[in-house]
Every structure is written in structure tokens, then in C-alpha cells.
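First chain A sits with chain B, and in the next complex the same chain sits with chain C.
Showing the complex of A and B:
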């Protein structure tokens, strides 16, 4: 799910940047550092704006200035049970991998409807019910997240297409 | 699926079950109490300060918490039961077996597998330990799941009557290099290599190591007729790619080899997913059964566990001297059969060059498994190697060299225009190409694979018929089929190798030896009558074994190309094109050898010293002329006066000459004593005593004598002894001709009784004296130097080393300069050779 989230971050600036447009530089640096990263259990998708840039404090010893920046960002936090759209990336006999934006999902063969079978003879190998459902790399899918795990800077999920309205998206 | 839970060893046995908290059919959650039990224990009570304590038995109760989640099916214990040791307690129908796991989550129920709790003794992540997917390491499965998947795979393959073929990329089906020269040649139709390189495909890689080699072009040359080969093979085999390159590289190559992805599909595994930098393993892809898997690879040593399934192909070396660009991680290869046609090796990238690669073997220690530091080091090395290839442009160098040679050759014949400037149309012959596209390995490989497929399925059908009766079908093992097929190839052939493998390595352990055996040939470590073929390395001809083998007409002496041809054709190929002849290799022609023959004969015919001794000495590898001359003479002797014991003696002699059987070598001198003329020995001694006038360097000699544990005596006796030492050494050099001199003298001396030594000494003095006039000093020296030089670049010395010393000695003796002889004798062999050569 997407959220607009108020966040805070300390940004340091090199003395050579001290000057009139310091706050712009701080914002630029913030955007560069933060956008597109995984912060624990959510991804920071985009920074809307910074609403509070504190006064810079020169750090003793290094000369860098530290700003505490409050900013508003669009974050995406996948939840267990959430249904997301994803693109299949690779298929193997145990299931297939899919990518929902930055999130890597695995859908095991157990969580694929019974009529959709693995077909190793196809090129490339695919899951198919020999009708409208063909899951091969680059297929668009609707997947329900049933498990999530995070590590520092990374996130993975287990998905399922076993349910109503899940599975291949008709183009 | 049901799972029987044990109570575990952690409980304080004996325990008494108080009551069961769950009934069969109840759902249980993780860490939920299942039953209550009581146990007894001793508690220390009383006043510890006054030291007035005693133990009292206490009864406590505790609960047993469920280590798993599911439905309780059955209790195997009952209330009131006393349990004395770990035993099965209950049966639970698990909600999820966690058989597929991805990044620490169960792929079936989505639960976090990395959680640990007090209730369970094993971790859930251990339930799915097997990684068997090509492009992932994070996806693991349980044993049963692996089994299931593999059974399905086998069923499917059997239905379509296919086998699995695991294909290596580098130097097996393609040859890759990153030398930008190739790109330039491709754009230049006037280049002599244009024809060869115009079909070279290229791709750019973004994930390569940073630096010079970043974003460089990879030039991929497919092995000739690869496309047809793969297309035909794909009807019989399901193809997998297994490479030591990176993922991106593997996919890049796969795109070139198989643009429609029909052949390999997504079955590509690379170094990134292999989980091991140094070895490939079929178990990575087929953890349960490799009964239907065949491998083709140019290196056997990277498949330590799956040799039986491996078909080793000869490495494809199109970009000459480049080697395998992805092999920096692997140990240096030992198994190359260098083509007999001399190839100037350009060591482009630290990967083993074609020729004298052994020179840098010292640095290539066997990599410690899982050693991160080493791996890091090798990543660096790989990067450096790639950069080096970019910068050095080995191919360009090679071509320049070739051009230069051509130029010179041209100048030598006609004073025509410079070949570099000449239009190629008018003078197509002037510039020779470096790259030649003349490889026919795949043709044979296809034959073998087709045959293997046929035989396997014949076997399978037979088995199936049998199974119809006995109801016990067992999938035949293609590894066994392959071994049977291969073993027929060279059956009955006994091969001896010379100059091919390093000293001190048993032939059986080497790659070539193992391969020979897999083809059903017998590998002989020394020349006997049983040997049918002697394989001579043309870069190191003129070895001792070669000389021995020359005397047995039944031995076919062939060059290493014969071996390569046999390996690739799976047959004992006709030897005729591969016969090794001395003249063609620039070695001294036999005519010269014969020239010295009369001398030899005249010098030795009157007192006829024992054959064994004479032969042994004459066998000394670098006493070339004398040795070969002696051979001739000896053979004459065999025919004329030695007919009675000719056969036996020949055999015995072979044993004596054996390179790695020191025991035999030790026996030989004593054998020779049986027919020894002791009278002439005494005469010889007297002669020495009379003539011994060179006592100046007794001191130098002392070390030598002390080595032998003998006390040196003064005066003429010392001289005599010293003289014998010299002779003895020469003698030993002849005996253990395959062992380098220093090692040999030390080795053969130690462990012999002084008595035997004395005997031998006398004998050898005798033997030498009669042959003294045979030594041809100047030619010997030259020859010795030459041989020494030829064997220098590699550590694979096959015994040529000691010749320098021996020759030096002979020369001095010939000149009767005793003092100098001693000085030389004390000096190291290497120094002497330098003086001589």
C-alpha cells in the first residue's frame, strides 16, 4: 500500500557547498540518498517535499555541516494479504519469481491453481493451463502476498495466485 | 503430512506423564503445551553457611510444548506412563512441511523460517537444504521435493526419449576473448585473419569488473559446425549450460549460440549460482539422481564428483594462447595435450597458455574451499587478467610475430616488396593468418553422443522388459553406459608416456592417466615388452624411455597428437600419421649415432664386461652419442654372443632402468657382479694406485666421502677411492636415469650398506675403465647443454638433468685431467652445464 509519510533524516554537507543555496543542495542530496531505498519494511518511492530544514550545525572535527531535514515521501509498504501486480521474471519447476516494483516475489507451485501446470517442454518453460493462462518471463500477474521478510535494505515476499481474480492479467 | 515427534533428549528423564492437554484431532500451534509431566530431582537444602546441608528429592512438573504446528493425530504415550529415555511421543499432521523456501520464508505457507524458539530443536531452514534451481541460490527445497521434481523430470525425459546433457561453454563449444584486435580484424577485409574472424560474434557486458575491462566487448567464436551439432543433439538430449563465467556472460553466450532460446531455454547455470568457485557439481542441478545426465566439458578436474558422467572434449583453442578467460578461479590445468605442431604461446591473461604453462605453477596453490580472502584475490586476478588481455593484445602480437616471420622468409627467397604494404589480393600468401578455424572435435562428439544415447535407451528398454516380468524397474545409469562404451575404445593397448607429465607424479593420478584408463588402456610407468605405444612429447623428445622403446620393435612410438586423436575419436587410431621420428624433430640423426659405433665396439670387445652394467651406464640420458652408440652395440651383442640369456637379461635390464623403482635399480649392480672378472679389477686398481698423483684436492673430496659415512684415508688409497666415487656416480646416473641427478645420488646412496657400496664401486670402476675410450667429449658436452636447455622451461624433467654432470665428467676423464674433474665433480650440476653448454 502507498502512504504519504513524514520522515526525518540527517543530511551532512561538505564545507565547499556552504553558501546561499545551501538548502537546495541539502534537498538534492536528500533525494539522492533516500529515494528508491528500502527503509526497513517499506520502500521510499519518491520525496514530495522537505518541510523543515534545520539550521546547519558544523560537526566538530570534520567541518561538515549537519542538517536535520523533515520531509514528506511517498512510501510503499507491502502487507501480508495485499494483492499486488507483478511481472514474472523467471520460471522453474518449483514455481516462479515475479517482480512487483522493487519487491521480489516467489510464487511456489503449491500456490498456483491445480489446473496450471509446469510445462518444461515449452520454450521458454512456463506454467500453463493450456488455455488463457500462460506464465512465462514477462507475463503480467496479479499476486496476493502471503509472506514477507525484511533484512537490512532488502525485502522479499511469498506470493500466491491461488484465488479469485489472481493470476494472469489480460492485456 | 504426518510427522512423528520425539520427546527429545532435553527432558529430565525419567519423567512421568501427568496428563495430556490435547486430544487427537485438536489443532496444535507452535509452542503450545501438549502434555504435562513430572520429574524428580535432588535439591540441596539446609544451611549452606554452617555447612549443614543435605539433599532432598523434589518432584516438579513441567509442560511439553509443541515444536510444530498442525493437527494432533495420535498420542504414542499415555497418562501415568513413566518414560526413561527419548522416545516418539506423538504424531502430528503438519500444516506445512516447509518444503520450498525462499529467502528464509516458506514458499508454501509464507511463514518466516528463520525464527527459532525454545520448543523446537531443529531450525526450520534446515528442512529445505537443497538448492537445485539454475538461476537462483536463494530458493531451496527439501529432499522429498527434490526427489519429486527429479522424478517428474526423468519421467518426462524418458517419454521423449531424451537424456540430459550438461554443456560447458568456454573452450568446449565456444572460445571467447576480449582482445580488441579481433574487432579490428573483423572490420578489415584485407587482414589475413579476416576469413577466420568474420564469423566471430560479439557482445558487450556491463557487469564485468570495473576498470579497463569494464564494458568491453567479448568476442565469441563458436566451434565449427556448432549450430548443426546442437540442433541435432537437442533431439536426443535436453541441454543445460553450466559455466564458470558470470551470469551475464553465460546469458550473453547463450544468446549468441541459441538466439531463439530453443536449445537451452532457461537452463543456464553460471559461477554466480554455482556456490563454488572451483568445482562444478551435477548435484547442484540434479541432487538426487544423475542416472540420466551426461556432461561435456574440456576440463575434467572441475568435476571431481561426476567423472563417470563426463565426456571430456579437447579444448577449443581458436584465439591462440588466450586460454579460458573464466578460468582464473580454477587451478591451473594439468591435462593439456599440446599439439605437436609448435605453437607460440602468448600468455594473454594468466590463464594457462598452451605451451610452457607449468612454469608459473608455483603461484597457483590449490585454492582453499570457501576461503573468502582467496576468492577475493582471485576476483582481482581475474580482473587483472582481463585488463591485461585488453592492454597487451596478445593476438596482435602473435600476428605481428607471424608477419615478421613471413617477411623474413620472403626476404630470404626473393627480394620482393614488403609484405605489410603489399595488397593482399596480389600476394595472398605473404601474410599468414594466426587464427585457423580447423577443429573437428564436434563431429566425433556428435557420434559419441548419438551412440551413447542409442546404447542407453537399448539398455533402458531391456530393463523395462525385464521389469515387466519382475516388476522391479531400475533406471540404468548413463555413467555406467558411458564407461562401458569408452572402455572399449583402447582396450588391449598399453601406453607409456614420456615427457608428458611432471616427475614425481604417478601416471595413474594424472589427468592423462585417468583418461587413458577410462578408455580401457593400460598405463605403464616404464617400458616393458607389454607396452604397445609410447607417447613422446615432441617438445621433449629424446628421453630415456624413448631410447628404451626404440629397441623394442613392437612398441609404436607416437607423438602426443595420437593421444589427442584417440581421446577425441574414442578409438585406437591408426598410428601411421603420428609416428614419432627423430629426424623430423630436429634431433640428431641416427647416422651420427652409428658413426660412433665402431669406436664403442672396439673399445669394449676384448674383455667383454657384464652386459647389465655396460647397458646401464650407457643408458645415461645425456650421454647421448655414447648411449645410443652403445645401444647399437649392445643390440649386436644380444644377437651374437648373448643369445642364451638375452631375453631374461633384457627384461632384467628394463627393470633396472625403471625410472621409479629404486629397489630394482639397486639390485642391478650386484647382479652384474656375478659374472664379473675380478682379476681385471685388481689390475685396474693397481693401475690407479700407480698413476694416482693428484692429491691436491683431497680436502674438497672429503665432504663427498663423509656423506657416505666412510672415513677417508690418506695417500694413494684415497685417490683410488675418490676415483671410484666418481665412477660410481656415473654408474648410478645410468641406473636411475629417470631421476634428476642430485636427488638420485643422494637417494641411492643412503640406505645402501657400505659393503654393497664397496662391491659396486669395484665393479663400476672395472666397467668404466673398459669403456673409457668411448666417450666423445666435445659432442657430448654440446648435446648435454642442448638437452639441458630444452628441459629448462618446465619442471617436468624426465631425467635429462643429470647428463650435464656426467658428461662433464666423461669429458674430463677423456682428457685425463683428474684435478679438474674433482673440482667439477664437487660443483653443482647446473653450473657445470652452463660451463659446458
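Showing the complex of A and C:
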């Protein structure tokens, strides 16, 4: 789920940058440091603007000026139990990997309906129910997020397509 | 002695992880009342931001995450025209009984039937009637250009 979230961060600036355009430099540094990272539970996709740059406080001992910047960002946070659209990226006998934006999901063979079976002989290897549903790399799917795991800078998720209205997208 | 008169002397306890979920009950943790974006709205916002950066000749900072997200949005955003996205936003905001999360999910998943919608977004079950929901979905379907 995409959110427009207000966040805050402390940015330091080296004294050689003191002068005009300090706010611009602080914003640029913020963008370089924060955009595209995974802050624990969510991914910061893009920073829209900064709405509050505090006065710079010079840190004793290092001479760097510290600014507390409030900014608005487009953030993506997956929730357990949320249904998301995803694109299958690779298939193996134990299940398949899918990509939902920046998040990598794994759907285990146990959470795939019994009619859809792994077919190693097809090119490329795929999951199919030999009727209308085929899951191979770049298939569009609807997946329900069952579990999430976060570590510093990365997130992984487990998904399921075993449910009504989940699985291959017809469109 | 009031303990609000000075700065906090220790870091506040972070909210316990692992309790947030979006199943039959919505527990969004720190994201409870934050503005949501449907896939189409997010696509508009991010593309407008990139166009502005390109115009100002600033570095667009194309991170891996950003590129993956843009590809994902191109594939799944259902409403491509700005006017349609705004019209859908007006339709959805009219339903004040639903939370921001639920409105954005409806706008992103674009189900065909009220039954499908309530199955995929379980927290909706008691909040809106089937006829009202079906009406909303039909209105949205009209705005979906091929």
C-alpha cells in the first residue's frame, strides 16, 4: 500500500558547504541518503519535498552542522493479510518468486491450490492446471501476503494464492 | 514534578513489531491515519515528481527501488488519465465510512463484483452494503480506459 508519509531525519552538513543554498544542499543530501532505502518496515520510494528545515546546530567536536529536516515522501508498506498484484519472476519446484514493486515475495507450493501443479517439462518450467491458469515468469498474479520479515535494509515476504479471487489475473 | 519540562532522557520504546496486519481487522500501527495512494495515484505522483526534477535539471536519483516501482505501477495502474484518477478519487472520498486504507485498496484492486471486493478486503464486510459497493465498482469500471 502506498502512503504519503511525513518523516523526519537529522542531516549533517560539512562546514565547507556553509553559505548560500544551504537548504538546497541539505535537501539534496537527504534525497541521496534516504531515497530508495528500506527503512525497517517500509520502502521510501521518492521524496516529494521538505516542509521544515530546522536551524543548523553545530556539533561540538566535529564542526558539522546538524539539521532536523521534516519531509514528505511516497512510501510503500506491505501489510500481513493485504492483497497485492505481483509479477512472477522465477519458478522452481518448491514454489515461485514474484515481484511486487520493490518487494520480493515467495509463494510456496503448499500455498498454491492443488489443481495447479509444477510442470518441469514445459519451457519455461511453470505451474499449470492444464486448463486456463499458467504461472511462468512475467505472469501477472494477485497474491495475499501471509508473512513479512524485515532486516536492516531489506524485506522478504511469503504469499499465498490459495483463496477466492487470488492467482492469475485474467486481464 | 512534571516530566515534560525537559527533553526525554531516553529513547522511547519502539512499537512492538509484528502486530500490524490488514486482515478482517485493520491494525496499521504508525500508518493508521496516514494518507494513502491508489496504484494509479502513486503512478501520477511519482511520474510528476520525476518530470519536475528533469525540468529543473536536477539529478533524478534513479535508484533500483524507484525503477522497480515505476515498472510495477506501469503494469498495474488501472487508470491512466489524470482526469479519471481524480474522478475515482472523488468517488472514493465520498464514502466516509471506509478508512483511507480500504478506499485505496478498492481503487487499486478494481474488482468486478462486490463479493470479490469483500473477499479480498475482509475488513470491508460490515462497513458497506453490497449494492452500494457494486454501484461504486460500476462507476469506477466506466472510468477505466483500455
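In this section, the second predicted complex is superposed on the first by the 170 of 171 C-alpha atoms of A that agree within 3 Å, B and C clash if a C-alpha of one lies under 4 Å from a C-alpha of the other, contacts with A are read in each partner's own complex, and residues count from 1 in each chain.
As a convention for this text, a contact is a pair of C-beta atoms (placed from the backbone, for glycine too) under 8 Å apart; a residue touches a chain by one contact, two chains touch by 3 or more.
What you see is a predicted model; the values in this text were computed from it and never measured.
Participant: For the three-chain model obtained by superposing on chain A, do chain B and chain C clash or fit?
Facilitator: fit
Participant: Check whether A:31 is in contact with chain B, with chain C, with both or with neither, and answer first, second, both or neither.
Facilitator: The second partner, chain C, only.
Participant: Residues of chain A touched by chain B versus by chain C: which partner has the larger set?
Facilitator: If we count touched residues of chain A for both partners, the winner is C.
Participant: Return first, second, both or neither, reflecting whether A:14 touches chain B, chain C, both chains, or no partner chain.
Facilitator: A:14 contacts neither chain B nor chain C.
Participant: With the two structures laid over each other on chain A, which partner does A:120 touch: chain B (first), chain C (second), both, or neither?
Facilitator: Touch status of A:120: first partner only.
Participant: By the touch definition at the top of the document, which applies to A:80: first (chain B), second (chain C), both, or neither?
Facilitator: both
Participant: If we overlay the two complexes on their shared chain A, which of chain B and chain C does A:108 touch? Say first, second, both or neither.
Facilitator: In the superposition, A:108 touches chain B alone.
Participant: With chain A at the apex, figure out the C-alpha centre angle toward chain B and chain C and round it to a multiple of 10 degrees.
Facilitator: 160
Participant: Using only CA atoms and the superposition described at the top, report the least gap between chain B and chain C in Å.
Facilitator: 9
Participant: Taking the two structures together, which residues of chain A meet both chain B and chain C?
Facilitator: Overlap of chain B and chain C footprints on chain A: residues 80.
Participant: If you look only at chain A, which of its residues touch chain C in the complex?
Facilitator: 1-5, 28, 31-32, 35-38, 41, 43-46, 48, 74, 76-77, 79-83, 85, 87, 99-102, 140, 142, 144, 150, 163-166
Participant: Considering the complex alone, what residue numbers of chain B touch chain A?
Facilitator: Touching chain A from chain B are residues 100, 102-112, 114, 133-136, 138-139, 141, 145, 149, 152-153, 156, 160, 260-262, 265-266.
Participant: Taking the touch rule as given, give the residues of chain C at its contact with chain A in the complex, in rising order.
Facilitator: Residue positions touching the partner: 17, 20-23, 28-29, 31, 34-39, 41-42, 45-46, 49-50, 58-59, 61, 63-66, 68-69, 72-73, 75-76, 101, 104-105, 108-109, 111, 116, 119-122.
Participant: Any idea which chain A residues touch chain B in the complex?
Facilitator: Touch list, chain A to chain B: 80, 90-95, 97, 106, 108-111, 120-121, 123-125, 137, 145-149, 156-158, 160.
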